[in-house]
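Next come two complexes, and both contain chain A; in the first it sits with chain B, in the second with chain C.
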Partner chain A sequence: MPVADRNGTRVWRRRTQAQSLFHWAIWLVGTAIFVYCWQMISEATTWFFVWDAPRISADIWTRATPPRWEYVTQLGEPIWDTLNIATLGTIIAICLAVPVAFLAARNTTPSVLFVRPIALLVIVSSRSINSLIWALLLIAIIGPGILSGVMAIAIRSIGFCAKLLYEAIEEIDENQVEAIEATGARPWQVMTYGIVPQILPAFAGIAVFRWDINIRESTVLGLVGAGGIGLQLQASLNVLAWPQVSLILVVILAAVVVSEWVSAKVRGAII
Partner chain B sequence: MSVELNNVLGTRWRKPPLIQRAWLRRLLWIGFFVYLVAAVATIEVNWLRVYEGLDRGLLFILAFASPDFLSRSTDIWNGMVESIVMTVAASVAGIAISIPIGLGAARNIAPLPVYLICRGIVAISRALQEIIVAILLVAIFGFGPLAGFLTLSFATIGFLSKLLAEDIESMDRVQAEAIKASGSNWLQWINYGVQPQVMPRLIGLSMYRLDINFRESAILGLVGAGGIGATLNTAFDRYEYDTAAAILILIIVIVMALEYISGIIRARVQ
Partner chain C sequence: MLRLENLSKTYKTGDQALKEIDLEVPEGQVMALIGPSGAGKSTLIRCINRLVEPSGGGAWLKDVELTKLSSRGLRRERRRMGMIFQEYALIERLTVMENVLSGRLGYVGFWRSFLRRYPQQDIDTAFRLLDRVGLLSMADKRADELSGGQRQRVGICRALIQDPDLLLVDEPTASLDPKTSRQIMRLICELCEERQLAAIINIHDVALAQMFVQRVVGLRLGTIEFDGAPGSLTPDVLTMIYGEEDWESTIRPVDDDHGAAAE
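Our next item is the complex of A and B:
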């Protein structure tokens, strides 16, 4: 037990001298890094605008309230598009994620040395790039529109779904697989009767969870031109129509809350 | 022999369906297909445009084989440094703010009014997306990394406070009570009774959030909030696919490195 000697009496301490020195050094380095980063940000900032910020935000607030409620009639179709982007994107992503997950899981991959690293690379590349960037890229290739949005959401979701799914596959009970194998089942039958029933609840949970995230992401895809309610947001921002912007934000918030509620209910029913 | 068994004998076994009621199963399938058709019908595809774009798509895929790090190297370097600086600063600030809010959002520690306020902050932060917050903050604070820093800090608060509060709520009460029984004040109670229990998970979550913040910082540039996104957007606009490929490769490599490091740290603290 580390103790400190203070005026002849021994007092309990949490750490030994060396430990606290080490902790102190880590804190010092961490603080130095933070201060350095803050200085870089501070240099790149026009402080005049920052001091002016309270006035500007009050100004924006007075312009944005009350929201232009009549505009909501024009938002029906964009919201439907947004829902479609998220749902179709999720469906495509799941169809593609299942084979990738089976190739990436240690216990089902055909080759740990060659196929697994490729599958893992697919997963990490899809996961590390945001759907907005995928959308930018697809818009440059196949033109603006809903299709780019669906594809961007799909590509982005493959990695997420495949990662969670292959972790679920790696955690299955091998005894059941062995029991199916012992009946003389072919590899495909082992897959459908030994592995799939075990991962089905996890699979459904992942799909609904990702659908919820995709609703959020598809609301902003329109900012770069990939369809959905983001297009209206961008258009309203461009003409500084703040009452419309605030209404769109309210609609987006409602969509996010509803999708989160739906996904929580469905996941609660499955698991 | 029972009638049921007689009926089954001689027929092949069939997998029982997931949904027992036949009408419900069929209704769900029909509904699903109707939706699918309706949804696909809304997608207008200009096939000529897609066909023309395929060449560009091929060029882009080829660009990954020969990424161009050099011709825009200063832009890439500055953008990357700005992204990393924003990520680090925002993670530190976000974690520092989310600890008190996380404590306040845990029902077993905080009184009801504090709990409701903190949960409200968490809910707002989680419901607003980074890019929308960034648009508003750029409008308020002007272009530059400060808006990105504030956006990422704000997003970190919602994520980390919620998970921290859930962890505190599921902690072992006995340890915290033992500290309280020794006559500690509130701060000592938190420091010796609560903090050691949640520290491993807090470190793990913070590393994970650092990783997310870096990924998000890559898109904040699209709306003028600093970082590599602006460089990437310009590269796409100019159809400089080799530069864009170089930036994407850098992002992937940094994310992979961060994931690897955070995996090591998480394995060590848990």
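Our next item is the complex of A and C:
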């Protein structure tokens, strides 16, 4: 009992004696495991390389600066490809995610027993595999190039968008839906009047957020040959052209900053 | 016009919300349904338009047996039953006009409603109704910009544009201040009289009910305990419906406020 009677005053503690002892033991075990793991990692590390790290990074830094600015003329097209991969991928993903979300939401699915598990499976399988791995698979299937990148981004994003959207659908105010049903509206009218206006802000937010994420993801897709600026990065890394690498990183940074700004603007305008 | 026979509802949890209700509401009668929370008032009116599926008995609107209808038939009959909600249940992100016009959804096709191409006749009616409730200048405002009383007026317009024979009104004043409550009740009852509409009004406020309606039905634990004129509500009757309490001050005749009449 957290409340004990001591000389007539009732003393309240957060935990009983046994509970505090248990907590203390948990902390002890946790700390011991941490120390043990630290030691294991330390033994498996070649410390010579770690001590060497500052010198090496300084070395790379001097080789990488200044960036080779004239190389930027060759980056225009790849960064445009990257933006297109992200944008097209997001649009395709959203088109597919909307029906999946309606099938997965408990209050709109035609069948909780049969359809909903399938929709959830689609969401989980899309989310559980990284877009880089999707790209590797798709390159094997449809060959290297931008199309593989677009598809990889799209497949990866369906689950993300559908999951957030179906959660938004499940959180709507059922009163508004009832009110529309009570007018004698058809099911599709109930959806467009009772449900869609309620989830529209969430939908816009999700779409822009995912587009923002996809711009970052699509920059690396080129590493495995799925088009975009990653191809240039890969090529430059292979020949140790550090000034080019640093320029590519600057360009990627600029693209991400711009996308961040755009998505903030769009989100602000909608909500 | 509306007839309920042995209407009962047992929820999945085993709660018996309605126990074999028999009730008849003639044309043009405004009836108040009073009773403590959990007495089954909301369930009763939702069983009529089958937002809640009754588990036994029947309901007839004129000659149509509502409880036997297919989903298509039910949609057609729901057009004849306008519903007004406690928390207004407006589509918050749509405009006042869109909310009013949504009462016509049972009459217009999907694409017309989706593209907001309602027949001019409906739009005329919507403007006339908004004018009647004093919200003509608000037609273009979003529903979430309105005050509680204004929202409930939009809710009333949405129910009336259906051109119903019966109004189902669920706690219309529960979220409103006393003055607005009276105005809304007065508006509902006036409109019912203008259009010879029957109405079932769920209401907590016994004094308010007495002021405006022609008949009071008291519900307790899913059964009708009282059915009579508002004047015959005695402390004994209220004790029977709600339980022991000093009722004298509740049923004292209340003077109508004149400020509200100017609105």
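In this section, the second predicted complex is superposed on the first by the 236 of 271 C-alpha atoms of A that agree within 3 Å, B and C clash if a C-alpha of one lies under 4 Å from a C-alpha of the other, contacts with A are read in each partner's own complex, and residues count from 1 in each chain.
To be clear about the criterion, a residue touches a chain if its C-beta (ideal position, glycine included) is under 8 Å from a C-beta of that chain, and two chains touch if they have at least 3 such contacts.
Treat the numbers as computed from the prediction; the structure is a model and nothing was measured.
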* Would you mind checking whether chain B and chain C clash or fit side by side on chain A after the superposition? => clash
* To do: Give one of first, second, both or neither to describe whether A:Thr82 is in contact with chain B, with chain C, with both, or with none.
  => neither
* Check whether A:Thr109 is in contact with chain B, with chain C, with both or with neither, and answer first, second, both or neither. => neither
* Based on the superposed arrangement, let me know which partner A:Ala182 touches: chain B (first), chain C (second), both, or neither? => second
* Asked: For A:Tyr193, is the partner it touches chain B (first), chain C (second), both, or none of the two (neither)?
  -> both
* To do: For A:Ser263, decide between first (touching chain B), second (touching chain C), both and neither.
  => neither
* When the two structures are overlaid on chain A, which partner does A:Asn214 contact: first (chain B), second (chain C), both, or neither? -> neither
* Give the label of whichever partner, chain B or chain C, reaches more residues of chain A. => B
* So which bit of chain C gets in the way of chain B here: 44-52, 80-88 or 116-124? -> 116-124
* Overlapping contact positions on chain A, where the chain C interface meets the chain B interface -> 192-193, 200
* In the complex with chain A, residue positions of chain B that touch it -> 15, 18, 35-36, 39-40, 42-46, 49-50, 53-54, 56-57, 60, 81-82, 85-86, 88-89, 92, 127-129, 131-132, 135-136, 139-142, 144-146, 149, 192, 215-216, 218-219, 222-223, 226, 229, 232-233, 236, 239, 244, 248, 251-252, 255-256, 259
* **Contact set on chain A toward chain B in their complex** => 14, 30, 33-34, 37-38, 40-42, 44-46, 49-50, 53, 56-57, 60, 80-81, 83-84, 87-88, 91, 124-125, 127-130, 132-133, 136-137, 140-143, 145-147, 150, 192-193, 200, 216-217, 219-220, 223-224, 233, 237, 249, 252-253, 256-257
* Inside the complex, what are the residues of chain C that reach chain A? -> 49, 51, 74-79, 81-83, 85, 87, 89-94, 102-107, 110, 113-114, 155, 158, 162, 168
* Asked: Which of the residues in chain A come into contact with chain C in the complex?
  -> 173, 175-176, 178-186, 188-189, 192-194, 197-198, 200-201
